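The structure follows.
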Amino acid sequence: MNFIVILLRQTGRNMFHTWKAQTMIIFTVALSVLIFSFFYLIYFNALHLGEKLGEDLRLIVYLEEEPVESLQEEYRRRILRFDQVMRIDFIDSRQAFERLERQLGQDSDILTGVPRNFLPPSIEVYPVPSLNHLSRIKRFSDYLLTLPGVVKVQYGKDWIDRFYAFIQLMRIVTLLSGILLIMTTTFMVAHTIRLTLLSRQQELKLLRLVGATNTYIRMPFLLEALLQGLLGAACGITALLVLFNWIKLQLAGPLPALAHLPFTFFPWPIILCIVLLSSLLCTVGSYSSTRKILQL
Amino acid sequence: MIQETSPTSIIIDLIKVTKVYAPDVEALVEVSLSIHAGELVFLTGMSGAGKTTLLRLISRMEHPTKGLVEVAGIDLAKLPQRSIHLLRRRIGMAYQDFKLLNDKTVADNIAIAMEVAYRQPAFIEKRTRELLHQLDMTRKYSTRTGELSRGEQQRVAIARAVANYPEIILADEPTGNLDAETTAKVMELFHQLNQNGATIVIATHDSTIYQQATHRIVTLHAGRLRASAFGSPTAFSDTRPNEDSAPTEEALTS
Amino acid sequence: MNFIVILLRQTGRNMFHTWKAQTMIIFTVALSVLIFSFFYLIYFNALHLGEKLGEDLRLIVYLEEEPVESLQEEYRRRILRFDQVMRIDFIDSRQAFERLERQLGQDSDILTGVPRNFLPPSIEVYPVPSLNHLSRIKRFSDYLLTLPGVVKVQYGKDWIDRFYAFIQLMRIVTLLSGILLIMTTTFMVAHTIRLTLLSRQQELKLLRLVGATNTYIRMPFLLEALLQGLLGAACGITALLVLFNWIKLQLAGPLPALAHLPFTFFPWPIILCIVLLSSLLCTVGSYSSTRKILQL
Amino acid sequence: MIQETSPTSIIIDLIKVTKVYAPDVEALVEVSLSIHAGELVFLTGMSGAGKTTLLRLISRMEHPTKGLVEVAGIDLAKLPQRSIHLLRRRIGMAYQDFKLLNDKTVADNIAIAMEVAYRQPAFIEKRTRELLHQLDMTRKYSTRTGELSRGEQQRVAIARAVANYPEIILADEPTGNLDAETTAKVMELFHQLNQNGATIVIATHDSTIYQQATHRIVTLHAGRLRASAFGSPTAFSDTRPNEDSAPTEEALTS
């Protein structure tokens, strides 16, 4: 009971007296959390984005001639044997022609006089989307070409190539920056904590000399670090939220295409995780820093 | 001597203690010394003789290279890390380099020694004011110690050492920066604590504070115990400092 | 002469004695330069990439009927009045048909029986590429529609939308990260220098007290900071070069589409600039830090 | 006195100097003091009387709140920031808190004062060894000062102060941590430098070092100049410390 009162008073006094260093640490932690969660958020959304955009993706398998019911079953079986797919559609010449007409809309009059079955029948295969399936799709396409009666396999190669190249590039950039930054910020936080403790080393040593228990010396620091971690993370996450909404606003104007994309902020559990992790890290850092000093 | 006939009351016991600082500085060589509970001992010797080292061994700030150090019946070599605070709370040490926290106030600096022993705030304040009054520093209660004169700092260091009524008080050159008048006040404080039962070891060069005392004087010479003698029988509190002095070293080594 | 010898000896001695702090600072500077130049490199390449990919972009303006020579001139004039363009091509029905045939390649037989002029004539407008011209292209398209005889304007809206959305997103991410990071690293370097100086504050003050001139005290520190900046920047740039080649290698395998993109490392002048800027910053930081201490 | 008849030789001149530390600590009140070139002056007074403050004003580590401080004919208030080093090179100060660089060796610490004046390395080494020999610390030449005993550190501080043969030597409590024997060595060093022409101001509590001297003794009392007297005519070098002491304050204020 008495110990808790002393502990709280001690912590309060420390934090009040060293508010400059405190602000520094909280700022550092906030910045670190901001940077980390910024990149994590990008990665998080890029994953979803990849999934969402991947849904449009299909392989069009042009066939020599209209497959009969039994052949369709055979195709379906063979396709499923190679890889999981989301959907398989069979499109006959007529359907293809109608679709082209619909796509041309106003200009559909240019099709007048063209025979309704001039387009070949096809199978549309929608693979299960995944961020990294460009090479899988290629292999898939190669496989499909080996099926009997298949003339050609199309899958918007250019579009996919570019799109996935970008997703891939962004992934690498995000991951690398993330790693670089986590390194940097961990280093920064550790460094700052260590230096702050170093400047109070004298006090810690003195406490030890006048007969304070390790717990007595350490608890205020740990509590302090915990609070710093909590506050820093809270500030960082708040800054990120503001930034996130600002970016969304920026994108919504000139880029309506992106406005419809499912950009989401972290759900609560992840926010909680980040905050807890941050305070844990600060506490552990503080603990290990005091440890060395208290070996007196 | 009473102390010598009742060996159970030995509170500080050094047996053949040698301390060698890396690589080859022999600070203490085979020093054996027993101090009884309630004694007041003066530790003298030239600069670099090993006085501070001896005190640091007693408060376990250093480990002896060889030999045994026992304080209050505890063999310090066997005292585990986590129990040191129990020893340290029984010892009050006024360091030669003060070890004050210059950013804190005088009151805070003195309070520290009592706070770690979970004293009540009211007690702490009362005791702090009382000590400052005794050391003639009432006006400096809430001054940052960094803004004090060196002699004032020294008094704060002494106040902190004795604040929590420790059983053992180790004072390392407690009057090096003090004038005769203030020295007398400090010595009065020590004598008063000694009369209340505290064991006190004072390492000092200042012959004026020990030559008239009845107390034991231990002299170190280049790390070796040279002599352990008793001062002149004149009671300290009756004599005025700076008045008369007897030749010291010659008398002691005889 | 004598002063230079003393200066060099002093600097050498300082750096040798505080090698731990030195390593720390050089590491910090290297990390900062790495992070900064990493993002700058991305931005730098993204700009080029945008230009390169933007070259493919054209607006196809479908016309009611074949324009005569004079009308072509009129169209050209009007288009140029609105905006600069790179090229304007006039495509008549026949050319359009031939091109479609070429595009269909193997499958061109499906065009048998279709009249050679079933495609409308068109003007192809290649706007001057710029990273941010999506909205400009929209306005351009709107303007072109108002020209007499224009039926429809096409410009691969979907594709462009998505592509530019990504470029735009990457730009924002890169810029924001860049700003965040430059803030962080500047802060880090300043902080580290300040703290290192703080730990040597005692020495600086003493030198002042024993009668050293400001120059005497400061020069070793400035020289030191200069060396630190140079070394740190060199390490950082080297690390970036290694990273860059690694990323290129990573991308070359699974993404041949990207392998052809013009990814380039910084040219020499920019590298020099970064290194010089880094040492300048360190020196200035050191200078201003010592200034405060030397006000004694 | 010779000095008083030749006012041109006044090297340190304080005229009605008042120093108030924020918010309201009156460290010095209207102190006027003239010290002649080649003089050796003892500055005494109780702890907190303002001795250190006076020395700090002379070396321009503090600015006076009121009054004029002139050193070697320079009005310190008018001395620009960038020329302070010229003043400081003429003054050697042994600080009460030593201000040693604890990570550097004894030799390095002493060398600093000579290096800033661009002395040759050979000269620096010779002078350092000579001083260490005089102060009985030859064996500590390349020990880190952090590993010295307090009295040894004090001697290093003194050595640094006098190393570059400054015109003015300010010694703040130079013997607070020294035993009688070492004190005698230090005083001998000061006397020798004084004989070679240096002006020396020694702030001290240690009556043993000034009571037998023929030199002027200036006493501060709570920031006010109390007395400026001359010690007993016994030559210092002929007397042994700790042998005889005369009542000090009483004699001086008369």
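In order of appearance the chains are A, B, C and D, and numbering begins at 1 in each one.
To be clear about the criterion, a residue touches a chain if its C-beta (ideal position, glycine included) is under 8 Å from a C-beta of that chain, and two chains touch if they have at least 3 such contacts.
Fair warning: this is a prediction, and the values are worked out from it, not measured in the lab.
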So which chains are sitting against subunit B and subunit C at once? A, D
Chain-touch separation of subunit B and subunit D, in steps, is 1
Which chain has its C-alpha centre farthest away from the C-alpha centre of subunit A? D
Taking each chain's centre as the mean position of its Cα atoms, how many Å separate subunit A from subunit D? 69
Mind checking the centre-to-centre distance between subunit A and subunit C? Centres are C-alpha means, answer in whole Å. 23
Whole-angstrom distance, CA centroid of subunit C to CA centroid of subunit D, is 64
Residues of subunit B engaged with two or more neighbouring chains: none
Multi-chain contacts in subunit A, i.e. residues touching at least two other chains, fall at none
Specify the contact topology among the chains shown, as one of line, ring, star, complete or other. ring
For each chain, which other chains does it touch, given as pairs? A-B, A-C, B-D, C-D
Considering only the defined contacts, which subunit D positions touch subunit C in the complex? 59, 61, 81-82, 84-91, 93, 99, 101, 103, 112-113, 115-118, 160
Contact set on subunit A toward subunit C in their complex: 24, 31, 34-35, 38-39, 42, 53, 106-107, 110, 113-115, 118-119, 134-135, 152, 159, 161-166, 168-170, 172-173, 176-177, 180-181, 183-185, 187-188, 191-192, 195, 243, 247, 250-251, 254-255, 257-258
Residue ranges of subunit D in contact with subunit B within the complex: 21, 25, 44-48, 52, 96-97, 143, 147-152, 154-155, 173, 176-182, 205, 207, 242-245, 247-248
Residues of subunit C touching subunit D in the complex: 2-3, 6, 17, 202-203, 205-214, 216, 295-296
